[in-house]
Amino acid sequence: MSAHPPHKPNVLELFLAALGSPFVIVGEQFREIFKVFGLTVQYALHGRRRWKEVWLQAYRIGNESLVFIVCVAGSLGVTLVYQAGLQAERIIGDLTPLGGLYLQILLREFGPTITALMISTRVGTGIAAEIGSMVVTEQVDALQMSGAHPVEYLVVPRFWASVVMVFCLTCVSVLVSWLAGLLTALLAFGVSPYTFATLSFVIPGDVILLLMKTTAYGIAIPIVAGASGLSAHGGSEGVGWATTQSVVNCSLAVLFLDVLLSGFGYLVLLR
Amino acid sequence: MRLTSVLSVPFAMVGRRTLDIATEMGGMTLMAGAILRRLFPPRVDGAELMRNLYNVGVKSFPIILVTGVFVGAIMVIQAGLYVEKYEATGFIGWGAGFATLREVSPIMIALMFNGRVGAKNTAEIGTMKVTEQVDALRTLAIDPVSYLIMPRFIAMVVMMTLLVVVGDATALIGGAFTSQFLLGVDVQLFFRSFVDLIHLEDFLLGVYKAITFGIAVGVVSCHFGITVTGGAVGVGRAVNDSVVASAIWIFVLNYVVTTLII
Amino acid sequence: MSAASKQVTHVEVPRDGVRIRCQGVSKYYRRTAVLDAVDLEVRDGTMLGLIGPGAAGKSLLVKIICGLVAPDEGHVFIDDIDVTRLRERELQALRMRLGMVFQNYALFDFMNVGENIALPLRMEGRSSETSIRNRVAEVLEQVALPGIQDKMPRELSGGMKKRVSFVRAVVRRPPIVIYDDPTGGLDPVTSAKIFRLLSDMKAQGTTSITISHDLDGIRPLCDQWLLIEHGKTLFSGDTSAIDQCETPYVRQFWRGEPA
């Protein structure tokens, strides 16, 4: 291992290394995420149940992100309805289907996905920062020495809490966006709330798709964030790296699952 | 006595939150002021600027490409459902393109940019702060704002704008492919409706949004980075606060720009 | 419980009396060896002093011994059980007989002192809540920190944190304890208190490894010494051997002479 003289790479080798290294890095992260995923499922099904901790984490997720999500959902609702209303006025000249279609697209797409992206930002970074700081201050090692597995002790409660809370927060977010849209339609275009508030466009497939999306996001966020946190190393730089990694990976995971599930919905559910 | 103390809890909470928010808002305003002062005339370290342009722009490129393709695919799938229902395949390029250019692409790219660049920026400046490197700069009579923050801020604004353009383009390509393979709508038809019905202002609205998002992410991430205290734990917390504050700004500015320009 | 984990939970001192044994442990970081074929043996009831300059790989070596880091080559045996071959569940069972005091305390900052100390007992799952509470109070009393259960770690001074970390490591009465720099950053008076605790533990028959830069403090405690630098073993042997060792670097390090 030690006797080799240092080898100076030539241009071709450097090029190939530069070409391959992103794949190596991405592959390593995938492996880490799936390892944590496997362990989480295993411990979630067979490990100790710590419902008190789950409750605490659920409270923290809700408490941390409620105001944030209300702000985002509100401003998003206003903007979307305003833009859609202008287009509808210009092209169709009829604003009656606005409310129903808006609710439908909210349930199918913007409600769950934007909420999940916000939770990735708020909760995902929080989980990664917390677990990452525990790794670099040796608390995770101490946990293992105490006989607890870090995934079981740290990720599993957050996993259960997130599965439930992503759904709850999505409901809140849909409601707030819809109300904001309703007010916008009323104030900007004079659409009566009675016309706006209609369920006529919503089909059962929309609700099933919403449930599938929120569950998938709820599972993905704590696992991806936990994997980022657990792979932190070094001092405060390591924590920063883990947090950054977590936002990006969680958001990409959400978008990827969204493409997958929307495609599934298009092909199967919403015909 | 006990009852009053229980009753005061929510007020105390609201008050504390308000004070926290006011402190951060004040900090961000000061940061924006400090940046503005150094823009006229520009006082920036040239080499640092180039390095940051590379770090911010080139290194985010792959993520923006992936995000763009995802966004395009999602929008086409969503638009496809309506297009099929009303048998208006000719409008798919417009339907998907309109929403993508004006709303979804700038927001999604900005959120990814916030995660990739904003968070990293806070983490880097924060690490320099807690390891006393910022103080070291000061003792060497180097202005931390000119040296550390200005190049990053300029790089973020410039690159955010350019990356939204890149994101728009990849989203359209991703959307066109999705419509070809999933919906069976020809790529030509997709782009024809896009070219016919989309105006330059739809694209420009997204670009204007991107500029304001870049400014917001720049100011917010630098502010939270430079005010970190408390070691590794503090850095993690600051990154968390920074991405959340930036995300709120992104959505609020999205609303403001949309209503101002239309 | 599988046969393997039963074997792991069953405590028996090996016949040759060697409780910790490393054979050719190596760890590489990007092709450079951070640990290069390190061997060590610690007999029952003795203390090994692990010394060397900063970043020599000492902390890494003890983490490998506890199974927290997997070595790239070599084997670690604790009571004749090969740590490097255990699965996570079996490692958890094995760690029940290990205690570790971490360099930077590693107290859980989201728990108060009492919960910090109670966690190893809870994970063991053998004691009732009342007996856990009593045991926590008892051990805190032993280190002269009575009644601080409800404090959070951030409210404690460095010396108190070290003692709490020490108590958390030994609360399960493990037969093997590893001290990673137990007196780092402490004033001489507090250091003396910690060394007294170490010597008490040794008197009770614990087997231990101590990493320390305070050679004067651990000289009377340790029976065996291992000096490593850049992952390579420079000296291994008992106190009289290191006293007589003629290798210039070892002499210099041992006596604290300037180069």
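By letter and in written order, the chains are A, B and C; residue numbering begins at 1 in each of them.
Here, contacts are C-beta pairs under 8 Å (C-beta built on N, C-alpha and C of every residue); 3 or more make two chains touch, one makes a residue touch a chain.
Everything numeric here is computed off the predicted structure, so don't read it as measured data.
J.: Please find which chain has its CA centre nearest to the centre of all protein CA atoms in view.
T.: A
J.: Would you kindly say which chain has the C-alpha centre located farthest from the C-alpha centre of chain C?
T.: For chain C, the chain whose C-alpha mean is farthest off is B.
J.: Take the average of all CA coordinates in chain B, do the same for chain C, and state the distance between these two points in whole angstrom.
T.: Comparing mean C-alpha positions, chain C is 47 Å from chain B.
J.: Report the inter-chain centroid distance for chain A and chain B in whole angstrom, where each centroid is the mean of the CA atoms.
T.: About 17 Å, centre to centre.
J.: Find the geometric centre of each of chain A and chain C from their Cα atoms only, then give the gap between the two centres in Å, rounded to an integer.
T.: 40
J.: Taking each residue of chain C in turn, which ones touch at least two of the other chains?
T.: Residues 109 of chain C touch two or more partner chains.
J.: Would you give the residues of chain A that are in contact with at least 2 other chains, written as numbers and ranges?
T.: As it turns out, chain A has residues touching two or more other chains at 137.
J.: Going by the touch rule set out above, which residues of chain B reach two or more other chains?
T.: If we look for residues of chain B contacting two or more partner chains, we find 233.
J.: For chain A, which residues count as touching chain C in their complex?
T.: It comes out as residues 1-2, 134, 137-139, 141-149.
J.: Considering only the defined contacts, which chain C positions touch chain A in the complex?
T.: Against chain A, chain C makes touches at 28, 31, 33, 63, 66, 68, 88, 91-93, 95-96, 98-100, 102-104, 106-109, 119-120, 123-124, 168-169.
J.: Within their complex, state which residues of chain A touch chain B.
T.: 22, 68, 71-72, 75-76, 78-80, 82-83, 86-87, 101, 105, 108-109, 113, 117-118, 120-122, 125-126, 128-130, 132-133, 136-137, 235-244, 247-248, 251-252, 255-256, 258-259, 262-263, 265-267, 270
J.: Residues of chain B touching chain A in their complex?
T.: Contact set of chain B toward chain A: 62-63, 66-67, 70-71, 73-74, 77-78, 80-82, 98, 102-103, 108, 111-112, 114-116, 119-120, 122-124, 126-127, 130-131, 182, 231-237, 239-240, 243-244, 247-248, 251-252, 254-255, 258-259, 262.
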